[in-house]
Structures are given as C-alpha cells and as structure tokens.
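Below is one structure; the comments refer to it alone.
As written, the chain order gives the labels A, B, C and D, with residue 1 at the start of each chain.
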Amino acid sequence: MNYKLILDEIGFEISSLDDEGVVASYIPELAKISPNKFGIHFYKLGGNNFGIGNNQEKFSIQSISKVLSLCLAFTIEGDNLWKRVGVEPSGNSFNSLFQLEYEKGIPRNPFINAGAIVICDILVSRLENPKNEFLKFIRKIAENDQINSNSQVVKSEKRTGFRNAALINLMKSFGNIENDSDEVLDLYYCICSIEMTCQELAKTFLLFANNGIIPSTKEKIISKSYSKRINAIMQTCGFYDEAGEFSFKVGLPGKSGVGGGIVAIHPKNFSVAVWSPKLNKKGNSVKGIKALELLTTKSELSIF
Amino acid sequence: MNYKLILDEIGFEISSLDDEGVVASYIPELAKISPNKFGIHFYKLGGNNFGIGNNQEKFSIQSISKVLSLCLAFTIEGDNLWKRVGVEPSGNSFNSLFQLEYEKGIPRNPFINAGAIVICDILVSRLENPKNEFLKFIRKIAENDQINSNSQVVKSEKRTGFRNAALINLMKSFGNIENDSDEVLDLYYCICSIEMTCQELAKTFLLFANNGIIPSTKEKIISKSYSKRINAIMQTCGFYDEAGEFSFKVGLPGKSGVGGGIVAIHPKNFSVAVWSPKLNKKGNSVKGIKALELLTTKSELSIF
Amino acid sequence: MNYKLILDEIGFEISSLDDEGVVASYIPELAKISPNKFGIHFYKLGGNNFGIGNNQEKFSIQSISKVLSLCLAFTIEGDNLWKRVGVEPSGNSFNSLFQLEYEKGIPRNPFINAGAIVICDILVSRLENPKNEFLKFIRKIAENDQINSNSQVVKSEKRTGFRNAALINLMKSFGNIENDSDEVLDLYYCICSIEMTCQELAKTFLLFANNGIIPSTKEKIISKSYSKRINAIMQTCGFYDEAGEFSFKVGLPGKSGVGGGIVAIHPKNFSVAVWSPKLNKKGNSVKGIKALELLTTKSELSIF
Amino acid sequence: MNYKLILDEIGFEISSLDDEGVVASYIPELAKISPNKFGIHFYKLGGNNFGIGNNQEKFSIQSISKVLSLCLAFTIEGDNLWKRVGVEPSGNSFNSLFQLEYEKGIPRNPFINAGAIVICDILVSRLENPKNEFLKFIRKIAENDQINSNSQVVKSEKRTGFRNAALINLMKSFGNIENDSDEVLDLYYCICSIEMTCQELAKTFLLFANNGIIPSTKEKIISKSYSKRINAIMQTCGFYDEAGEFSFKVGLPGKSGVGGGIVAIHPKNFSVAVWSPKLNKKGNSVKGIKALELLTTKSELSIF
C-alpha cells in the first residue's frame, strides 16, 4: 500500500474542510496556539516514515502522555495498579466528580484526569525523583534527549486547575491518595505539559504497535501482554466520552489530548500521529479525527 | 495453531475452577437452568469447527441477539439509526434510567436495554411483520430453520419487565418511541428469547468475522464497513459495564447475555461461542469470560 | 386587621405586574385556559371570607389535590404510610426518575408525582371504589356536592402521561406498587383533574388551619397531630423544587398545582387560595406566589 | 404552661431510651467526647429559663454556627447574598459534590458545607479581620465574652477536611469563590469549632424568636423580615437530609450540628437547645431530636 500517497490525499481533503471547532481555552497558554496548524506523521513498523504539514512542530501533547505515565507505572507496579483505578470507559466528561464520588474515589480508568492523578500518586510513592525519571523514561522510548515539559504551560495549568484540586481532594477523602496533594499535582502538570512533534509522537508510540519492544534497539520496555492491555484501554477509554465514536469511525486504539494531538496504532503494523488544535465539544481534535477516519477508510486497516 | 488442543485445555482448566457466580434469577424461567452447564464451540473462517462440553445444547441467548437486531435495523435504516441511539459505552448498569433521563431519551448504545428497545421500535415501524421477518433474518444467517424464540421465556420476561416498561415510557416522554409500547416490547422480548446452541451461535457470528458475508453461501448481508462498525460497538459496549475489563483481558469484539452465553470474533479469523449460566455481579458469565481469556492467552490472538 | 383592604391592594398591585410566565402546555387541555385569569379568596377562621377577581371560577387544582389524597390515605393507613413514601423535600424537579432509582423506588414525599402515585396505590388497595370514595371525601370537607373531576382533563393527561407510566413501572420493579398500573394511574389522573374555585379551595383547606376539624360542622376529619404533620409536609415539600423559596418569601404552609392554583394556610388563623395560570420555570404560578408574598408582607402573618 | 415540669419529664423519658446512634468520628477531636452526655436548656421570651442534665457544659456547636455566620453576612450583604447561594433544601447528604457540580458551583443553601463556605468567602471579602469580627458578633448576641473557638478542633478538622477542600476547589472552578482557598477554609473551621453550653446556645438564638432583636438590650441585630427568613431557611434546610422529618415530627425551625447539638425556636415564644453526642445515620443527634419531639408533643407548641 502506498501510505505516502494516502497521506497526501488526506492532507488535500483536510485542507478543504470547513473550519469547525475551537481551540482549548481553559489553559490560557494553549489558547495562544495558531488554530490553523495541521500535521500528520506515519511510521510503518519495519519500514519507512513520512509526514506532511506541521508534522515537525512541537505541540503540547497533554493527555496523550497519560499513556506513557500509565506505561511507566505498569512496569513498576504491575497488576496491583488495578486496585486503585479501573479499566472501564467513563460514560461522562473527562473531569466529572459525580462518578468519582459515586464510586468511592476509585477512578474509572487511568486516562480520565482522576485516574491519571492516581497514577502520579503511585509514581511519587515509588520513585526517588519522579519528574526526572519520567522524563528519562520517555526520552528512552522516544530515542530523543530533546523531549521536555513546557514550564509556561505547567504554570498556566496550575493557576487554573481548581477542578483537578477538587478531584485529588475528593480521592484523598476516600483514602485513594497517599502523598501530599501539591506534590502529586506538580508531577501531573509536568507530565501533561510534555511537548512533541507529530513525528516524535508517532515514533514513541511504535512501541505499542510492537508488543512493548522499541523497534530499533529491540529493548523490551513492557511485556507483550501489558502492551496489548494498554492498547485495549486506549481503544475503550482513549477519547474521553467519544471513545465509542472513535472506535466506530476509525477502529484503532488511540489517545487524544486537548492540545489537539491524536496518536493511534495498528498492532504489528504502524503508528500515526496527527495534530490540529481545534477541538469538538467532547475535547477531541476535529481535523485529527477526520484525518484518521480517512486513513482507515482509504487503507481499510482498522483492527475490526 | 491447534485450536482443538487449546479448546481441550480450556475445558480442563475451567472444570477445576471454583464454582463462583449466580444464575440470573430476575427472569424466573432462566433461574431453572442447571448452573453447571459449560460448552464452547469454535469456528475457523475457511476451516474446521469443533466444540466441547454442552456445546450442542440450546440456551437463551438473551442480549446476544441485540447484535442481530441491530444488524437487521442497520441494513434497513443505515446511518439514520444513529439519530436515535448513540455508540458510546454507558458507564452504568445495563438498565439504568438515570443516564437515559440526563441524555433526554437517547440511549447511549444499541446494546443497553433502552437502545435495543429503540432498535425494536424502528423494526416495528419499517417491517410488515417484524417478529417473522426477524426470525427469517437470523435463520438465513444461521443457515438453520430450527432457530426459535422460547414462548415460556417471553411470558416470563413480560411478567417481570417493569423496568423495561419504565425505560420505554421514559423514551416515549422524550419522543424517541414511535409505536405502541406493548407492540414494541412484544418484539423486544421475542428477540431476547431466541435460543441457540454454542455451535449455532458461533456459526451465526462468523458473518462479523467475514466482513458481512456469509462464508458458505457468499451472500453479502451487510457492507464491509457496517460489519466493522458493529464489531467496534461490540468491542466498546458488548459487556454492560464490564466492556473495558473484557477488552483488557480478552481483547476481542464480543457480546454477552444474562443466559450465560458469550460470543466473540477475531476479524478475518474465527468466531467462538461459550456458555455457562453462572454470572458475575456485572451480569456476565464467569466461566465464559475465563474461557475466552484462556483462549486469547494461549493462542495470542487478541486484536491488540 | 382589615384583610378585605389588603386583598384589594394585592389585586391592584398584581394587575400592574409584567405578564411573565407561561401556561402549562404539557397537558393539552390546560393549555387552553386564558392566561390572564387572576383570583384570590380568603377565609378567616371563625370569621368572614371574601375574594376578588376570578375567585368564583372553576380551575383544575391539579397537584393541590395531592394534599387531599394524602389526608384520606393518612386516615386509613396512619403512620404505616411512611414505610412506602418519605417526608423529605426532593431537591429535584417534580417528576425525576433519578432520585427514585437511587432510593430504590421509595419516593421522597407524597407530593412529588411518584409519591402521589404510591398514595393512590394505597387507596386502590384499601377502598372498594376509590374514585367515588375520594370524591365523597372531598365533597364532605368542601361541604359541597358540586366538586367534580373533569373527564376531558383526565383523558388529556392519560394520553401524554408517559413519564408517570415510567415512574409507576420503576416503582413496581422495586416492589413498591401492589395493584395494576393502569388502575392506579386512573385514580391518579382522576384526583389531579378535580376542579374548584378559589373560594371552594380556601374553604376546603380551612380544615388544616383548624387542627383537622371542619369549622362549621365541628366534624373531626383527622387528629390534631396528623393535621400539623400535613402542614409540615406542605411547608417543606409543597412547591416542587421551590419549597425553600416559598418558605423564605411567604412563610406559610401551602401547595401549588400546574393549573396555576396555590392554597396556603396560617394555623389557627386563616386559609387563602389564589389562581393565575402563568407558571415560572419551576412550575408554580408567578402571580400566585407574588400575591401571597404581598399578603404576608402586608399582614406580617408568616408562621416565622 | 409549666415548662420546667415538661423538661423534667423529657429528661426522665430520654434517660430510659435505648442507647442508639454513634458519635461523629470523622473529626478525631469530637470522637473523644463521652457519648452519654445529655443536656437541655429552655429560654422563654420575656420569662424564665431553666435546664437539666449537662446543660452547662461546653460542646462543639459545629454546623449550628452556620446560622450565625449567615446572619452576619446577611447584615453586611443583604439580598445580594442570594446570587451566590440558594435557599432550597438539598435532597442529599450535607457534603455532596454531585449536586454542586450539576448546579454549576451554586450551593443549594447556606447550611450545607458548600453554602457555608461561600458565606465565609463573603466574610473574608468584606471584613478586615473576619475571625475577630465573627467572634465579636456572636459574643454580642450571646452577651458573653467567654465564647471561643476550640483550636484543637480546628486543627483536627483541617487535617481531615479533604472533602471541604474538594468543595471549595470545585466552586472556585465555577468562579464562585473570590479569595484564597486556605484563608476561606481557615475561617470556616474557626466558625465550626465554636463552643457553647446549651444555656448559652438557647440564649443566643432567642434573637431569632424575637424578630432580630436582642431581648435584654433591645438592640436590633437584623430586620424583622431577615429574621423571619433565617427561620424559614432553618425550617427547610436545618437538618441536612432530615429537614422534612424534623419538620414533620417537631415542627419548629432549628439547626443541628455533628457535635450532637440542636437548637430550635418558636417565633415570639421561646428558644431551646439540646445536646447529646450520639448521631443517627443522617448526622443528627438521636436523643436531641427525640427530646424536641417530646417538647412539642407535650406543649402542643409546633408552629403548625
């Protein structure tokens, strides 16, 4: 299959799309991004990689990095993890307190904010210097020492993160947070503020298309079984309250972020990252979802 | 791969399992089933089929038939369907009124009771004689004229179906039901009371592993795209509030019923049906889930 | 105090009010009422009575009659009643299913729809001919054989009462309804469709200002203690989700109906009924609440 | 009426009651109180006062002081207050986040925790030194310079107050908190930790039975209209999710606290305070409610 040609077609069709959606404004620093950015980058396992548009430009990957923090915590904690966070889709918006209260402080899955905060609490408990070790971990997977967190975005998120403060305090009231709230949220905001380009993101996630092994170095980061399980959680929980829609239209495990990025993988086959800052009402990139829908329609390569 | 051997191993391991779970009691007729039944049947696309245990015994497939009624409605109504029912996981128990009220009478997906009732309303609106035409439809797919609904179970469900009556009336108050409630529920209970053996069920669902085409007759029932979409809904919504867990542990699109049956498929590869009446708290067969977990662990054939 | 003068002042001030609110439209028969009707009638215990405006015109008292059905059931069933219905305000709209589901089919109080339906179920269980006996009961209290239910309104409510059908079926699923749903709803709609004038309504409710005794005949209908308790429920639950606001602004036990009527009493002192069909968003008469607020401000006669 | 005799009878009947309920344990400092304490004190407006049992012993009045902080804020802010907090009963437990989220950060009433926190935010915005001025305010009303907050209880509440931290952060995310969270919660905990004896408490609340005027000094603290409105809020919202029950059984405006205290008033007539630390499931003193029920039954002095 000529993926390069497919990517060019996608770029052409996306460029003629109506300019729907709005850039995330609740994090002031993100609201400054030019809304017209669009990039996509594709990595074939054991093959070529190519991209178009703004595929070499850094953006805030936001919630996408929750897959990486889950991956790190999974390597440390194993299945004990699931005592403190579930694997079910939330059926609610990504930062709802209601369900968390009803379910006594156990978040539905590690990709809603509450769940990602529990993952951070675990990293704070287990690691000497969690921020550094997280950065080291993703730099190794990305094979790239230039991956960093943006401190301006961290500050911006902290100043406005009252709802996350509500979530962590609610979980603390149920006994599901071990460490000091500020320390845990510090790590959380650092993780959310990681910046990557489409190319870097697609390369990083190739791991999950390759049963947990970094393709170039052959280093095994997580077991085949854990890698499949992370893919399964991406499939059912990767898109806030639009996971079913993404699964229905695109049919690949993936994860989105409010910075406008989406990454998706086809097991044993490829990974792809797309970026366009305008979001639909459910918080997912409008053009990003459309681009991936075109990709699986044209290539007929959904997992279903 | 020697699937026959794998099935034998599964049968052996399941037989030594503790006797957890309880038979569904809210439908009196189902409560009479012997709790120790266990059967599994496997169909390789373009290959052999084999089964073990009570794989030739009829049981009430219950919610599993919601996939078949969705399939029929999809062929008639196409994507118009999605104006009246969503494709998102529910994050709630299978018959909750709360979410339905909050979302103004639009059920989250076609596999929760409310969604399946909307599908029945569509069939009542579009078909001359919906019960007969539904039976004809599944007999064609199953290539078997002996598929029937059990009238004792229909009566039993009707007598105790107050919650379904609440659901349909709530949707009617929001304008999402067109026909007389009793007529729609009649069809609903008829559909839920279909009986099949594991072998019949696995054979019937081979369609969804084969892009919408009946393997033996080559008859195209639904388009490739629709077939993939039904698989996607099974993946995210097929197990009530345990879809994430099933995806995490088993990694195949599937659907369960409170009669203790589960069917799952691996696209372009195989279909498998398992039956064991004892259910966990979320309403899914304990041994059924365990058997499928063993199957994908041993065969390494999850879709992830 | 010159109540006649106060009433005249109220009539004058109300007449110059902006024409806010909307007539209830969900019961088609009620939507036909002229929106400009306004009447008020005042009964002093052991004294005069007088009224102004459309105080002699019949209107559909709707939920106001829930006080009378509660009163009848209380005389029959006594405190056993409270096993099947609570006395707490609902904190939700008057026909919410959510709270009813969460609280396992026990309605919060006898004045929300679900609670009034349970009261009807009790009357159907205990009375030979519940409709007749209810009519006899209120005719005795009203000292008026011309009190009737409007059969056109009954029909109109039945045709559109899907939400009430949902409520009763939900309660039946929890075991809190003993009789056939249709029979219970029949009585419910008959009770809601009672028609009275402001004068008749105020006279009828004098009972609750008089410790349960009909003032003219001295007949004791309910005990002093029961009468006080019904007043207490009116105070905390009489105005759907606006009970606190009414208590705050008016400070009298009372009950409203979507026909635009409100009745209120001052224990050992007076009863007053007002009618104006335009409702605020919470379903209570805009001018009715305003008129009663003026009454207690001018007379300084709240219970607080 | 011989109130002294009635009090003695109450004391006798209460002493023979079964020892139901549990002392509040979520605030460690309160858990240390002897569970068998019981005191009651009665103040007749323009008459005598008397008490029995542990009526002279200080206890933590907890939520009862929310009436006093509301009163102070009401004198400063007037009806502007009601833009930021409602007057409706909550229909939920006293610290639920769900309703607060659903209603976009506007608490239902000033007596649930979230509402009392908003009142504190107003005091922090308006007063130079809010803690001192609050203490001065209640000392004036109580005519007693020995009223103080217990700093051990303050510390104990702060250490475990994660749910209150969740509430204030949630409201801040909706823009309904103006000041720094820690400063507002500081004042909140100081207010909750006020200690009084039954006698002091009954004397303090005489104000609300006397139309806002301190009986002995004739100083007008709030207008007659405001005083009635505070009584109305006590009536509908004073007992968490048991306000209807208290209104039904006792029939007086009142307020309870998890320290086991309850104060109630009969307008233009009397005030009464009772203390017994064991609480029912809804967080109200078991013997306290029973004692007040006996009081209104024996004296026939409910407001209804």
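One rule holds in what follows: a contact is a pair of C-beta atoms (placed from the backbone, for glycine too) under 8 Å apart; a residue touches a chain by one contact, two chains touch by 3 or more.
A quick note: this is a predicted structure, and the numbers were derived from the prediction, not measured.
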{"item": "Equivalent-chain rotation between subunit D and subunit A, CA atoms, steps of 5 degrees", "value": "180"}
{"item": "Same or different residue numbers at the subunit A/subunit B copy interface, by half rule", "value": "same"}
{"item": "Farthest chain relative to subunit B (centres taken as mean CA coordinates)", "value": "D"}
{"item": "Euclidean distance of C-alpha centroids - subunit B vs subunit C, Å", "value": "48"}
{"item": "Chain centre separation (subunit A, subunit B; CA means) in Å", "value": "32"}
{"item": "Centroid distance [mean C-alpha coordinates] between subunit C and subunit A, Å", "value": "55"}
{"item": "Two or more partner chains touched - positions in subunit A", "value": "none"}
{"item": "Every chain pair meeting the contact rule", "value": "A-B, A-D, B-C, C-D"}
{"item": "Residue ranges of subunit A touching subunit B (in the complex, touch as defined)", "value": "86-92, 99, 108-109, 224-225, 227-229, 231-233, 235-237, 241-245, 247-248, 251, 253, 267, 297, 300, 302-304"}
{"item": "Contact set on subunit D toward subunit A in their complex", "value": "96-98, 101-102, 162-163, 165-167, 169-170, 172-173, 181"}
